[in-house]
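What follows is a set of structures for review.
Shared between the two complexes below is chain A, which pairs with chain B and chain C, respectively.
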Partner chain A sequence: MNYQEILEKIKTKVEPVYAKEDLGVLNAEIKSSDIRTVLNYLKSEMSFDWLNFITAIDWIANNCIEVVYQLFSNITKDRVVIRVKLDRNKPEIETVSDIYRTAEWHERETAEMFGIKFSNHPYPNKLLTIDGMDSPLRKDFKCDDMKPLPKD
Partner chain B sequence: MGLMNGVDENLIKKIPGAPIFMTSIEWVINASRANSLWTVTFGLRCCAIEMMHTGATKTDWARFGFEVPAASPRRSDVMVVAGTVSKKMAPIVKRLYEQMPEPKYVLAMGACAISGGPFLYDSYSVVYGVDKIIPVDVYIPGCPPRPEALLDGFIKLQKKIMTQKFRK
Partner chain C sequence: MTQEKFELEKIATDEYILSMGPQHPSTHGVLRVILRMDGEYVIDLQPDPGYIHSSIEKICERRNYDQIMPYTDRMDYLSAVNYNWVYALAVEKLLGIKVPERAEYIRVILAEINRIMSHLLWFSAFGIDMGALTPIWYAFRERENLITLIEAQTGGRLTHNALRIGGVKNDLPKGFIEGLKKFLSNFEDYIDEYEALLINNVIFTARTKGIGILKKEIAISYGMSGPTIRGSNVSIDLRKTSPYSIYDKFDFKVCVGQNGDTWDRCKVRMDEMRQSANILRQAIEGMPSGDVMAKVPRVIKPAPGEVYEKVEGPRGETGVYIVSDGTEKPYRIKFRSPSFSNLSGLREICIGYKIADLVAIMGSLDLVIPEIDR
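The block that comes next holds the complex of A and B.
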């Protein structure tokens, strides 16, 4: 399948906000309320059985946080990237850990690194950072003992 | 008489014609400590690979009396902090150090354990040197230090042990 066929199939379920091809891989941005519909469809009907990773990007200038899901199919060897933009002040999205089991840890890591709330997550605890440290990968993160890089 | 290599002549008095020698109790205790150092079996990051290599056949550290990596911190004398100490790991490193019996020694191996190394700037998760949490005896620079440098650090630690005063 090329990216246009995948895009056509996604369009039968939900309408993507924005879609483009990048290095032969489809990048589809969808609304945050559609994420479970799309991932359920991709897994059950289009054989995208492998979730590579979930991560996030902090777009501080646009005041939004983008959550990125990359899926892979072991049968057709296709790849697809699903992107969701969230409000930076109150980022909240529904969990996909019951669709892809591996999403459980990926969501915990993304949640503590970017301060995103994944609702209905079975274990919404911290995974990597110490207590009292919130969203260290946001661009405006400040820490008491952090040394800034010298300019010259 | 491997023990007596590099020892001041005045410290040891051999008695002619008899298989005995006279020395101070301080020297005997220090020499016993310095030549049977057991390390804690733990490594934090990539320096640990170099530490394992130092213990393996090519540069076997048992030749100098560092013997075995102890299976428990309660049996060990020296701790090689080999790698970056993150803030999440710092309480565990400190607990391991506190479990070791006295006298205990610490080697900070590599740039990360000395000062934070490549993670010095803009890092939210790294302790800037293991000496912020536990006292350090010998610092071994390098990223990572070669096995020869680690052995040199161990021999410097032995020299330091040989100069210490008897503890009551």
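The block that comes next holds the complex of A and C.
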């Protein structure tokens, strides 16, 4: 399937906000309320059985955080990227950890690194960082202790 | 004391919490696993990684593209070349660089040497986990030969920093091919010896067969990859199923297990070493002459865009996701490590087994902790 066919199929379920091709891969941006519908559809009816990872990108200039779902099909060898833009001040999205079990840990990592709330998550504890460290991968996280070495 | 005091049902069988690690020898690094136990049996568990988090992703956002290469070594110190490779592949795809063929062959040779090195270390460490101290003395003998070879090429024993964006740093040194040929001449015999020593050992089979069965659907849903998922009879090997670089030129087979138990995962790794030796032989035969570096701009400034590349590391799907905003530093870089996903599924395969089996199951996943924490 090329990216247009995949896009047409997604369009039968939900209307993407924005879609483009990037290095041969479909990038479809959808509304945050549609994420479970789309991933359920992609997994059960379009054989996208493999979730490579979930991560987020902090677009501080546009005041939004983008959650990225990278999907792959082991049967058709197709790839698709689903993107959701969230409000940077109060990012919240529903969990998909019951659709793809691997999402459970990827969501926990993304949550603590970017301060995103994944609602209905089965185990919403911190995974890698310590208590008191808030969203270190956001662009405005202060790294005060990182100073260049003196010149001489 | 009366007799009834010793009756079994009178013994308290409360559940209790046991913290395994972070300094437990069988976790192969600083990993803590919180177990809920009933006597010797595991009822529930929750891994707790993050003790050696090194924030490589954050550091990389402040580095130029060509400065990132040494950081990729540190994530998986047992197969540094595979991490180098996936990073180089991603940036090359962003820049649209074509790597010279000789460099591709050198990359394959280094990566397969790395794979054998990693599997040999797993073999020795797993033997120790199971209480067999002998395998390490045998396996490290072969591993040392390979480390000497790869050190001659790259200068590093574990963190090689061997690859560059657009090729490899150096051409192969004098005597490398001869040394590799000499190593390969009897390597398969040694693997037969190891299998007789450990894998087909009666005590070993009794402790691993039928233990920690990983079902196919669960493995796919958890994104487990590498020998872990191939042990469950799922034929996913990125070298074969989505070939990158020049792997489509080589003739090798994907090794799979039948039942998905601990023994199958071990057997898959032993077979994979044979296949790696096979690939190495073909790579030596078909190696062309020529340059080892493509023409790469002095300042690497990819156009805005993003890329996800993946390679088959010794532990599974090793990936990198780079978002470029058109400057000389990546806007966001994310490493997808196989051990992270493999460990997340540990809960599914351990419940109901004894704690001694848990050690065996965790060993058979071949975890590398810095890769999980990154």
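One rule holds for everything that comes next: the second predicted complex is superposed on the first by the 142 of 152 C-alpha atoms of A that agree within 3 Å, B and C clash if a C-alpha of one lies under 4 Å from a C-alpha of the other, contacts with A are read in each partner's own complex, and residues count from 1 in each chain.
Basically, a residue touches a chain if its C-beta (ideal position, glycine included) is under 8 Å from a C-beta of that chain, and two chains touch if they have at least 3 such contacts.
Since we're looking at a predicted model, the values are computed, not measured.
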First (chain B), second (chain C), both or neither touched by A:P136: both
Partner chain(s) touched by A:L128 [first = chain B, second = chain C, both, neither]: both
Superposition-derived comparison: chain B or chain C, residues of chain A touched: C
Touched partner set for A:T102, first chain B, second chain C, both or neither: second
Partner chain(s) touched by A:L51 [first = chain B, second = chain C, both, neither]: second
Which superposed partner A:L149 touches (first chain B, second chain C, both, neither): first
Footprint overlap on chain A, comparing chain B with chain C: 128-130, 136, 141, 143, 146
Chain B contact footprint on chain A (complex, rising order): 128-130, 133, 136, 141, 143, 145-150
Chain B residues within the chain A interface of the complex: 87-88, 120-125, 128
In the complex, chain C residues that touch chain A: 46, 49-50, 53, 55, 57-58, 62, 93, 218, 220-223, 236, 241-242, 305-308, 310, 317, 319, 321, 323, 331-332, 334, 336, 340-341, 344-345, 348, 373
Touching residues on chain A, where the partner in the complex is chain C: 22-23, 25, 49-53, 55, 57-58, 68, 70, 74, 77, 79, 81, 100-102, 104-105, 123, 126-130, 136-137, 141, 143, 146
